[in-house]
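Labels run A, B, C and D following the written order; every chain starts at residue 1.
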Amino acid sequence: MISVGILGGSGYAGKKLLQFCTSHPFVSEYKVYGNKTAGTLISDIFPELTGQVTDTKVESIENLSFSHDLYFVALPHGEALKYVPAIIKNGKKVIDLGGDYRLDDKDEYEKWYGINHSSSELLNQKIYGLADYYGTQYSNTNLVANPGCYPTATLLGLLPFTAGFGDEIISSSTIAYSGTSGAGKTPKQDLLMAEMDGDVSAYKVNSHRHQPEILQTLKKFGFNSPFSFTTHLLPAAVGIYATTSVHLRNNVDEKTVKEYYKTFYENSPFVRLREVPPHMTWVVNTNYCDINISINDKVMIITSTIDNLIKGASGQAIQNMNKLYGWDEVLGIKAQGAKNVSVY
Amino acid sequence: MISVGILGGSGYAGKKLLQFCTSHPFVSEYKVYGNKTAGTLISDIFPELTGQVTDTKVESIENLSFSHDLYFVALPHGEALKYVPAIIKNGKKVIDLGGDYRLDDKDEYEKWYGINHSSSELLNQKIYGLADYYGTQYSNTNLVANPGCYPTATLLGLLPFTAGFGDEIISSSTIAYSGTSGAGKTPKQDLLMAEMDGDVSAYKVNSHRHQPEILQTLKKFGFNSPFSFTTHLLPAAVGIYATTSVHLRNNVDEKTVKEYYKTFYENSPFVRLREVPPHMTWVVNTNYCDINISINDKVMIITSTIDNLIKGASGQAIQNMNKLYGWDEVLGIKAQGAKNVSVY
Amino acid sequence: MISVGILGGSGYAGKKLLQFCTSHPFVSEYKVYGNKTAGTLISDIFPELTGQVTDTKVESIENLSFSHDLYFVALPHGEALKYVPAIIKNGKKVIDLGGDYRLDDKDEYEKWYGINHSSSELLNQKIYGLADYYGTQYSNTNLVANPGCYPTATLLGLLPFTAGFGDEIISSSTIAYSGTSGAGKTPKQDLLMAEMDGDVSAYKVNSHRHQPEILQTLKKFGFNSPFSFTTHLLPAAVGIYATTSVHLRNNVDEKTVKEYYKTFYENSPFVRLREVPPHMTWVVNTNYCDINISINDKVMIITSTIDNLIKGASGQAIQNMNKLYGWDEVLGIKAQGAKNVSVY
Amino acid sequence: MISVGILGGSGYAGKKLLQFCTSHPFVSEYKVYGNKTAGTLISDIFPELTGQVTDTKVESIENLSFSHDLYFVALPHGEALKYVPAIIKNGKKVIDLGGDYRLDDKDEYEKWYGINHSSSELLNQKIYGLADYYGTQYSNTNLVANPGCYPTATLLGLLPFTAGFGDEIISSSTIAYSGTSGAGKTPKQDLLMAEMDGDVSAYKVNSHRHQPEILQTLKKFGFNSPFSFTTHLLPAAVGIYATTSVHLRNNVDEKTVKEYYKTFYENSPFVRLREVPPHMTWVVNTNYCDINISINDKVMIITSTIDNLIKGASGQAIQNMNKLYGWDEVLGIKAQGAKNVSVY
């Protein structure tokens, strides 16, 4: 049993984190630390959680205690830099849900995030916690950088092909759509229901911070072909749908590739390989990533979908906690009693 | 540990039932019986349940076995009449999620449902399972009629006032809105996204079958004033929001009424009394019913909201199962670890 | 041909006003006056209007010119008080889309709006412009108070019955739902797509400012029975659906009432009486109000629906302009070429 | 003034066609011909059109008259083949909104549509009516194949670059999302609000019939690089958003390309070039196509958006009618009074 500190936690991903921690069998207690919300009851921030979480007041982050075993950091980028080094120094573990420790390279971070990285020595000590890919290597670190929502969906779809058939790739283009909860809880005119109902728009075209995060991991698998990444908002609260179009040098056999994916994910309880393009609603409110691949005439279309707040944030964070402590990775984020069922 | 049979189960409420039964600690196994879906894998009917439920084929309802301890019946009205008597005769328990056994009076049933009731002797043996109201009287029956979705929301909001202050009522009007999952999974033009997006419409005005169901229970508490009940579809998949306007003879004190509600529901873990009108999203995906009352100048406005598929169907059915067997009524339908928190 | 000034005009109703003025055959030119938006191009405020309106810069409202013939005032309540008296004094006409001149009584205004009314002498000079009811009496005024969105839907539904059968009413309860554009364009957390998707909530229960506005007009028709009015937000951008439940002393004949409604609205080109409850999408993007009535067993249910931004704001404002100038009232707000078609 | 026959017309695009024909200044009358709807009043098929169109009964398509000047054919593919040849033979004009005459090649048609083409001699007599591209060449034909919705959005975005900079293209990938009205009005489970709310899914991956239609036109401009095309449904009723990712051989200058687009569309009143990615709501209910291009580091992202029922069907059909008759192409599909405004 461990004690958990949650920094931030008043946002959409934070809410899920509170729910998961409440029902996790090995989390004995948790405390939430915040700035503006300090002194507020959890049930006043999230009235819907009344009766579903142990109701406590948010502590001021100024009074952050180092007595917890593990800290989930759900702060805006730049803010995590203020707290993570001290927590690590105190010998405790951190899972950072933000972007501050995802990139390996200080310069790359400063270029894309526009701020100085004051604890870049930690960048190479961290694990980039793409939980469904990595196996057992979590034992040597106290710092997990939880992947971004888009990179999770994109990488889980494209990584196996890169690993197994990367030389076949002429070019790849990922075009992803997200529910608006991904844009956060801060009121903005563009995010109003009255604006977003029936709307779609691309944003941060050619400039999204998740692009270098995706490329960094792809490159570790030898990826060296042209790549583009374009994000959109869609009229829904939750979910990410990523479609990756890969142009191929040759007619790669679809069946062979599917077998490769199957083997690649055979120990990944949260990846479901599908025979048809998945529906986003299949994964909403779950920690699953559903993936389909279709190859025809030198074109491979990969569709992958996740719940941006769970698999793309707090669910994967719990999965990473489970891996950090050597527990069954499905604990607290998968319905009890259900046996795994293979799809292919 | 019990064995469960599910008749029907390929609809929206059935899906939730499968999930609840999978993770319920005292359900050792379940089998699904169906007509058109016989022979189909659960994961083909509900691809999203892959890995979340034990995947089995639907049995033909022709081959219904009486070896289970409890049967959930999720069939269209009229259909339950074919199976429930035999199950009861075999000494097994039934929770019927449909309308066939909710009304006490055979004539009333035949008037509203337009078919002959072939097992009306069971009507007075059943319990009308409005789980959050009834206390301990479940021991004497094998048949629970699970309330309709609208009656659940309406009655939980209006019953306490009727019980405590019924003489003050001049008239009551309930106007309720439901997500379209309440209209079922059968394709109809009116229910298409292309029709329903941005749409609202009233339906079955002055003729909804849930009206006699509501009145039957209200009358048991002495209700004898004019009542109206009007239902609408709203552009959402899930949820019911019921607003009841009560015109009063005198200026009843709001605080006194709120105290009465609090006492009325002090042992009801799934009723949350709110100081502000609840949001429907607060209860979606839960078994809660959130209720607010506001009294001003001889007008009382009651707002109550539920998830139509959970509290209004399968969640309440599980709660009724828990009560039938004398188990903690929150088992399998409430997040583990969370303590109850009072709101007022 | 007239010249028009638009005060405000950067909100949702303002946008429609710009479109209507652009294509109205008797509006030769218009100018928009604003505060925060002064100096901004219309097409920067509303990129979607590019090419659809004559693109000009918003003038500072500080430099308001009195050279226009007619002024549409689309300002927050309280703000209109600063400009309307001077416009009237300069002999020009005003159609106020806000709430400042709707109530007849200064005290009532100050009670509900919480501010002092500095030009209450105008309250009795104005016409309350419920355009589909009033006939020819627009010639004696320069000031039209454009009705609120909820009052428009509610009154058009309930007024005829009040006028013809008011003595039969025991009590009435209007429960109305609105798309979130009714709450305006200012960013608020509660109005985010991420919050509102799949949500419903009641608001301003027993305290909405449109209640005295509705009652003021009803009382002119002898209405003196209990009334309640409750508003909700629904997950849509546009539209109002109002359901009024009327409890009756006797079994009033439905057919007789329908005939009365038909006669009442025989000269109202924008009221469509329906044989079934209307769908909200039937009226969205139009100036219509669709109404259905159903009477059964001493209960009358009136459903009425409008586009809150058009019939509930700018469309009715144009209709009022047409009436002020003695033009065909459908000019600029009804598709050309279509002949009227009776429904009953 | 012309007389118009509409074959089909009970679907979503048909409804818009009726509205446009009603208010078009040069359409004196129209008649609707149908199968299942024969004998039904327009206002019974589309209650929302009551008072907005001249209400008539649908004629049986068996009794098709050749006395009209122009025929809009809005039938499922395969059905148009039965009527178009006879109309043409009678010397009348046809605008076919379906897919039967879009492809130039009989074999290609039969491969993708799976049926025999019985009037392939017409394939080379038709004009492929991508109205915003083609200039004055409509005089020599009686048959216009109205483009598909996806091809309209995709081609208007990609054609100029192909024409001006085609040699720079390594590969292109179009990933498009459509509101569900594009899937038609026939009830299907997958299209229910209860399924589609909050959902996204790809469909017809690597097999959509609009792919050969797009390629056919691209190739006329020399396009000969790898292309992929993937379609999705999104939780909205109306609109298409197409994002095309183009990988480039060199760093093409964005400003130069933008100037080229501007010149390309300088006479196209319905194309709006945007400095930011367009919002889909900007074009819904209009005949506009809004386009943005962004080039960075050998990646060009083209976003283009249309109303699938208007620019992608009936609005473009009216535009094509205007061009066939040599009328101002904006007649009947653009707000009166508005002057065109350039965006760049």
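Note that in this section contacts are C-beta pairs under 8 Å (C-beta built on N, C-alpha and C of every residue); 3 or more make two chains touch, one makes a residue touch a chain.
Because the structure is predicted, anything quoted here is derived from the model rather than measured.
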item: Pair of chains joined by more contacts [C-beta pairs], C-D or B-D; value: C-D
item: Proportion of interface numbers common to chain B and chain C (over half same, under half different); value: same
item: Separation of chain B from chain D, taking each centre as the mean of its C-alpha atoms, in whole Å; value: 47
item: Whole-Å gap separating chain B and chain C, where each centre is the average of the chain's CA atoms; value: 39
item: Rounded Å distance between chain C and chain D, as computed from the means of their C-alpha atoms; value: 36
item: Of all residues in chain C, the ones touching two or more other chains; value: 179, 195, 197-198, 235-238, 278-279, 281
item: Complex interface listing, chain A residues touching chain B; value: 19, 22-25, 43, 47-48, 50-55, 197-198, 269, 272, 274, 278-279, 281-283, 285-286, 288, 334-341, 343
item: Complex interface listing, chain B residues touching chain C; value: 170-171, 173, 175, 177, 179, 195, 197-203, 205-207, 226, 228, 230, 232, 234-239, 241, 243, 245, 247, 277-281, 284, 292, 294-299, 301, 303, 305
item: Contacting residues of chain C [partner chain A, same complex]; value: 12, 179-181, 183, 185-189, 191-198, 235-238
